[in-house]
Amino acid sequence: MRQQSFRTMPPAHPFDDDKLKEECGVFGVIGLADAANFVALGLHALQHRGQEAGGIVSYDPVTGFQSARRFGYVRDNFTKASLMETLPGSLAIGHVRYSTAGSKGQTAIRDVQPFFGEFSMGGAAIAHNGNITNAEALRRELIEHGSIFQSSSDSECIIHLMARSFQKTIPERMKDALRRVEGAFSVVAMTRTKLIGVRDPLGVRPLVLGRIGDGWVLSSETCALDIIGAEFVREVAPGEMVLISPEKGVESFHPFERRASRFCIFEHVYFSRPDSILGGRSVYETRRQIGIELAREAPVEADLVCPVPDSGTPAAIGFSHESGIPYGMGIIRNQYMGRTFIEPTEQIRNMGVRLKLNVNRALIAGKRIILVDDSVVRGTTSRKIREMILDAGAAEVHFRIASPPTAWPCFYGVDTPQRDKLLASHMSEDEMRDYLGVDSLKFISLDGLYRAVGEVEGRNNRCPQYCDACFSGEYPVAPSDMIQKGFQTKAAE
Amino acid sequence: MRQQSFRTMPPAHPFDDDKLKEECGVFGVIGLADAANFVALGLHALQHRGQEAGGIVSYDPVTGFQSARRFGYVRDNFTKASLMETLPGSLAIGHVRYSTAGSKGQTAIRDVQPFFGEFSMGGAAIAHNGNITNAEALRRELIEHGSIFQSSSDSECIIHLMARSFQKTIPERMKDALRRVEGAFSVVAMTRTKLIGVRDPLGVRPLVLGRIGDGWVLSSETCALDIIGAEFVREVAPGEMVLISPEKGVESFHPFERRASRFCIFEHVYFSRPDSILGGRSVYETRRQIGIELAREAPVEADLVCPVPDSGTPAAIGFSHESGIPYGMGIIRNQYMGRTFIEPTEQIRNMGVRLKLNVNRALIAGKRIILVDDSVVRGTTSRKIREMILDAGAAEVHFRIASPPTAWPCFYGVDTPQRDKLLASHMSEDEMRDYLGVDSLKFISLDGLYRAVGEVEGRNNRCPQYCDACFSGEYPVAPSDMIQKGFQTKAAE
Amino acid sequence: MRQQSFRTMPPAHPFDDDKLKEECGVFGVIGLADAANFVALGLHALQHRGQEAGGIVSYDPVTGFQSARRFGYVRDNFTKASLMETLPGSLAIGHVRYSTAGSKGQTAIRDVQPFFGEFSMGGAAIAHNGNITNAEALRRELIEHGSIFQSSSDSECIIHLMARSFQKTIPERMKDALRRVEGAFSVVAMTRTKLIGVRDPLGVRPLVLGRIGDGWVLSSETCALDIIGAEFVREVAPGEMVLISPEKGVESFHPFERRASRFCIFEHVYFSRPDSILGGRSVYETRRQIGIELAREAPVEADLVCPVPDSGTPAAIGFSHESGIPYGMGIIRNQYMGRTFIEPTEQIRNMGVRLKLNVNRALIAGKRIILVDDSVVRGTTSRKIREMILDAGAAEVHFRIASPPTAWPCFYGVDTPQRDKLLASHMSEDEMRDYLGVDSLKFISLDGLYRAVGEVEGRNNRCPQYCDACFSGEYPVAPSDMIQKGFQTKAAE
Amino acid sequence: MRQQSFRTMPPAHPFDDDKLKEECGVFGVIGLADAANFVALGLHALQHRGQEAGGIVSYDPVTGFQSARRFGYVRDNFTKASLMETLPGSLAIGHVRYSTAGSKGQTAIRDVQPFFGEFSMGGAAIAHNGNITNAEALRRELIEHGSIFQSSSDSECIIHLMARSFQKTIPERMKDALRRVEGAFSVVAMTRTKLIGVRDPLGVRPLVLGRIGDGWVLSSETCALDIIGAEFVREVAPGEMVLISPEKGVESFHPFERRASRFCIFEHVYFSRPDSILGGRSVYETRRQIGIELAREAPVEADLVCPVPDSGTPAAIGFSHESGIPYGMGIIRNQYMGRTFIEPTEQIRNMGVRLKLNVNRALIAGKRIILVDDSVVRGTTSRKIREMILDAGAAEVHFRIASPPTAWPCFYGVDTPQRDKLLASHMSEDEMRDYLGVDSLKFISLDGLYRAVGEVEGRNNRCPQYCDACFSGEYPVAPSDMIQKGFQTKAAE
């Protein structure tokens, strides 16, 4: 009875629901005593990449492989001495994930990574950021040959492919497995003696290498190096596999055919933390630069530039710097908003929006407001914010969006709605402006975005420097499972 | 064994530990179905006033008084249908509190308000924001006469004084009781038929009245009216008692001798939310104005103005506006930092600082930085931030503090360290600058602060418009329990 | 919603529901290191006297009074090192209680004893077995004079009466308080230096004194002395108060007017454990003797004597010994039946009976069975057992009951149904036999029961040796609260 | 820290530790709405076969396969509506298990059955009672071929063997798999449409078929049919596989070579519940008959026959019937003893024995006592009981044991100590008597035991009618994994 009512409830977070969501963060450490503690800190710093659940596997010669997987924040689980004591050893990897609503039931803890497999030459654990676009075909094939899957995760294919490889070592088996896999993947894995990192040939998802004392670190982002005081060494290169051990240090391999890289441009716009460095560029500075580009491309006379907190803040600062229009906090975010505010009654549910944001009425009233947001997905949130701003007495509302229109779903490890739910898939910029009911609406151009990330010539249309499929519909890897299910790519349309 | 290790641990939040902490928020609703749901939302909006625990009491003619008290955030407890169903009725009050470290043990749930008492004419529940400065003397007297205390809270005195009053009605008994009480109090209480609000004669703590449909609301701050869509009516006046019922509306009484009000000026500086309105003034705007005053009083040549997030942000924006120096996010706050990050090992404990904040290195490196913070308490945090900023390669670090030096403890409902722990109690501004190791350190002047809150003439030293005891040492109500324990007021020094 | 369904559910234990229930057990220790651990063991041995909740208060000069109260079994709560470490000291008392269905909600933990009060001369904790028959009148009076009750327990009156006494010491205040109290009480209490035991003038509930090493013990029953290896010293006498300290040993006082004692005869029949000694008599042996008396009073030709497990077992053994009819286990009890089997569906709920008991078909089939049970309350269980036995193919079913017909409710600390729910209140023995549908039904006579407890002359009707109000309707203390509510005693009928 | 102290603690249950333990019970239902509810009841009745954990898998066409696995008693988990609602459908199977101390950690929930596998033709779940004696060899082989094990359970082999079979249907694959398996197994399994039961060719473990309404039931014992009101149909025959569906009813197959059956004789002595019927014989009656045989084989003059509760009770009754010596409850068992009494201090730990049993001193003192127990394993418990009895003043203590000396470990699904820990492996009866310190000690003879189970000629030594390896050392299936590890069978000695 009670469960039913949960299911029929509207999403708990009206706002979060209208964002694209990175699905994972990965982190690994070798060569440091109590490695799992460092992994916990690293995952805490990567929590924005996945808030639903986390897992850590550690290895110690005495206790063997140990694992713990939990729903909820890292800080609420992997900080208890009683739990951390069960994860001894100087080698550990971890994973945070976002899981789609509803699967967080009884058995879904099985879907929480890292995954572990016992092979004849010993065990291995693996954590995966990205998405395997041919996972369903692989799974069917593996089941036909006698593999038994324990989760509904696409990532589990990798461990079964490794189990069936005829190679003699785990790294070689991993190469075998990953060569069969299509899509985007940044993998952190471990055997009893080695920490392993791999990025797919296009390098869609980030993965960086750090050093701390005698130990080595792999992380999705540099901000997680900072939290443990590790030094940034370099990015793992697209298509590279690194094997790391205290004895031999970092050994580099290139098991895949070389291709031009296509890093996800949306990591710059929204997914990564502003204090991370991606491809040698400060994410904060890139976002401020997007604001500057936006102010140049789409200027407007107004009294105040306000961010939609918190993700719109750096671009709003940039917009203010470039335009000279004062910057102010027109919308205040409730710091105590968590993932799980369940509205108890119909009456209150309709107030949902105010649980997270409140308008700073005194600042807004009577002014012409420029609102800077990172993206428009379904448009539901933007409409509500416009309403709140006008209720508070704003004279005009101008939206400036720090990314081009999101018109295509992502199949490389980001949770996006189906194509027809994306506002930009069926509306022009003017139609969206009217739908949102604002005085003006402007998105940064794709070229403007490329300039903001440092490509002074803008986008190279013959050979784009980034994966921008969510804006352009040009998928660098054909999403074969989805195509089989009837998805029409741009070319097919 | 394990408990011991908790006790010997350094505070979990190195930063929070160096703030003054408001100890409570109160909220009450009458005349709305499912009043407890509204109270839960109101308390969620007041969570910044007390994060350790919360409680709600509701009244329904069928079930009588019902109560629930919980440790942890409102959103994690008072949002579950199974709990909220136990709190029926159209009349409810609630309380959030901060409890001092260590008392959050087995029995301390008893200390969580609202308190409830059964009198011969029926029951009453009471929630209290503030501090009773003669509570210990009252408690001794009450125990001698046979009262049995259930908590260690000073607020419980009120309910025992009410129980012993000879008055025939609960409001009259409350007047009797509060006339015996010294100190600061904003009280929200309820009988079976009435919602009651009272402020002490000086009006040290805030309390506002709102209206929503046919219902009435009492709240510590206006931001909690916004979350439920209630309209702000007016502040409860210093020394006023309001009795609210659906039938008679708001009845106003003045049970105390009239005195000039002394509202807490630190509510403007730090405690209240920036989107609240205090005394007709936007808190955000006041803080921005403090930044402007600071820029005038203590200008410095620099490249970037950065807030210490999040409380320093509006003043930093004001400083930037006035000085023309660009505003930027030099320090990034981890959004997933909760109250309960327990560092598992010595090794990691020393990294404590980075759990909450990270420096945006790319922005800071090589620049002269102005850091705007709301206050300096012990100075421990300020030292760590300076260290982080210099590690990241800043050329110069200039601190600008949005309040005068905090040299005296507060006894009116704020958690402050003992006087000798307050840096400003034994150091001059120059000594503090050297201690913190920064290139310059400037506090706003007391007059500057008064100007920022709208007193164009500054502070009226003969008859100060606000309670500023934490800065001036001038206590508007003698803290008699503390004096008995040997505390020396400024006059006594 | 879900709560509702609990409320409308039939009782979880169809069998237990048809028993009278002792409401409490008390235990205290002084002069032994880690006294709370001994109290936990003692309460475990007294668990049959109260299964819903338990509490322990300890005192240590460093930590002061510490308390823990929990729902559930002693073994599930008071055995965890993490909890027991919070209860240091060489002086501790504890309590187990049965709470009526439905009150086990959010706030009812308040009703779990021991109760604690802070007086001007120090604190005291008190645990009470029994029932105060003028509690409601006392409560009204106390509230009128300003006492604030925290629980709905009648026992809380004692602590408020003590708080209001003008005596200078806690034991003197306790005498003052208990002289105002009517009803049955065996009290174990503690100050900072003394363990205190008191029994009401009639000595209705048991209380024994034991010794272990240099320490002293008070306990409801001797079986709880055995578990900690303590030696039985003597019973606390009816109307006696003992003050125990390591220095002075046991000091004895008689604060009440002396009266002839009236110990509860049902303690012999059912409440106490068979391995306890009551009034110098083995409970097991008394019950076996009841079986012998029954076999003499109500013989019947049959093939097998079966107990209704487990409480009917000793009487069944006695019946077999006397009659020569073989003893057998015709009904098997499921050892894993707990308190909380909640039947999930209508369909299954109707099978409720089989959750706890199963018939040993092979033994029963074709035989004439004598079933020996301890009592008949509502008769619901007896009907079901008869049905199970006949379904299994028994040729005849003869009930023999080890107590006289239970026709009157108990007001001295036993949970009994209202009078009209007691089968014997409105049916003769023959009517009950027909209602239960058995071939014969015989209760032991009141005189037979008195003989079994050693009164060779049977009951002294002018001055009965025991309290047997549940059988005779002769209440040794007038139940004044109940009379005020309209209860008609036998005399009044 | 705390965990360490758990590990170094002596076993929580001094008594239980000295019993052989059945490792599993299985139960399945098809053709009844809310089948999982019936399975929960069945598992509750089978709880004595495994107390550590339980699991249920159900299938419903809408929700597919659903599963829940929990540590703890059935009544504490599988009775909550919120959990049972997640297990819809008219087809379900379940399992209770005993798990060895220490493995009940974070990940061991993986070891809780039923196991589930997704095959290309659909899923299947399987629950297993018994032990696979070549499981380690099979596991090695399967891992070498790419299977990934998720548990440390021997039973998981079956599901991997099924996954790798080339057969087209799940039942055929199960036959394939079970033909590779050596040892003892009673399996209950399910596909989307069928309930499946299989017993190994020797029929070592029990499995019975029942009928209720239109539905069918499989269960380890008949007592679990009784609890849901199902009718006993017949035993599944040794070596038989039954496929059950509502449409076709019960289809019978014999996939294995036929052999003479060897049912476990210890099921009669101890494992099964006294109210179950095994091989057409009442377990209670068999045990009573053992007592009669014992009284004939090893008579002794004495005053009282006492069982060691509860398992010795029927044999004690039989001994009393045959010898004419009165039966009495000399030892009283604490009904509230659970699995998890953790003794908090050294001091108290030494009292461990009294937590579970107490001597009925008044009955024992001065008497010559015959104690009837089911078995002697390590002898530790027997020594403690002798001590308690003598402390209580018994004049003589005579042990009579309802099974022959347990001299060999079981490898067919029973938890036994290593051979050298078994008292009877290295002591004669006389040596054991002296070691236990009793006046006499007699075990029933192997022939006497066979007579008690109805073999009037006693044991057929050339072709024993039962598996009695624990007494005789004659293993009907060579324990190949153990032999590989160096175990010496009797023949090899």
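As written, the chains take the letters A, B, C and D, and residue 1 is the first residue of each chain.
By our rule, a contact is a pair of C-beta atoms (placed from the backbone, for glycine too) under 8 Å apart; a residue touches a chain by one contact, two chains touch by 3 or more.
No experiment lies behind these values; they were computed from the predicted model shown.
Listed by label, the chains touching chain B and chain D alike are A, C.
The chain pair with the larger count of C-beta pairs in contact, out of B-C and C-D, is C-D. Chain B and chain C have centres, each the mean of its CA atoms, that are 50 Å apart. Chain C and chain D have CA centres that are 36 Å apart. The set of chain C residues touching two or more other chains comprises 1-2, 81-82. Interface residues of chain A, counted against chain D in their complex, comprise 1-3, 66-68, 82, 85-86, 105-107, 117-120, 140, 143-150, 159-160, 163-165.
Every residue of chain A that touches chain B in the complex is listed here, in rising order: 2, 5, 33-34, 37-38, 40-41, 44-45, 47-48, 51, 73-76, 79-82, 84, 223, 226-229, 273-275, 277, 282, 284-285, 288, 310, 313-314, 317, 320-321, 326-329, 332, 334-338, 340-345, 347-348, 351, 354-355, 358-363.
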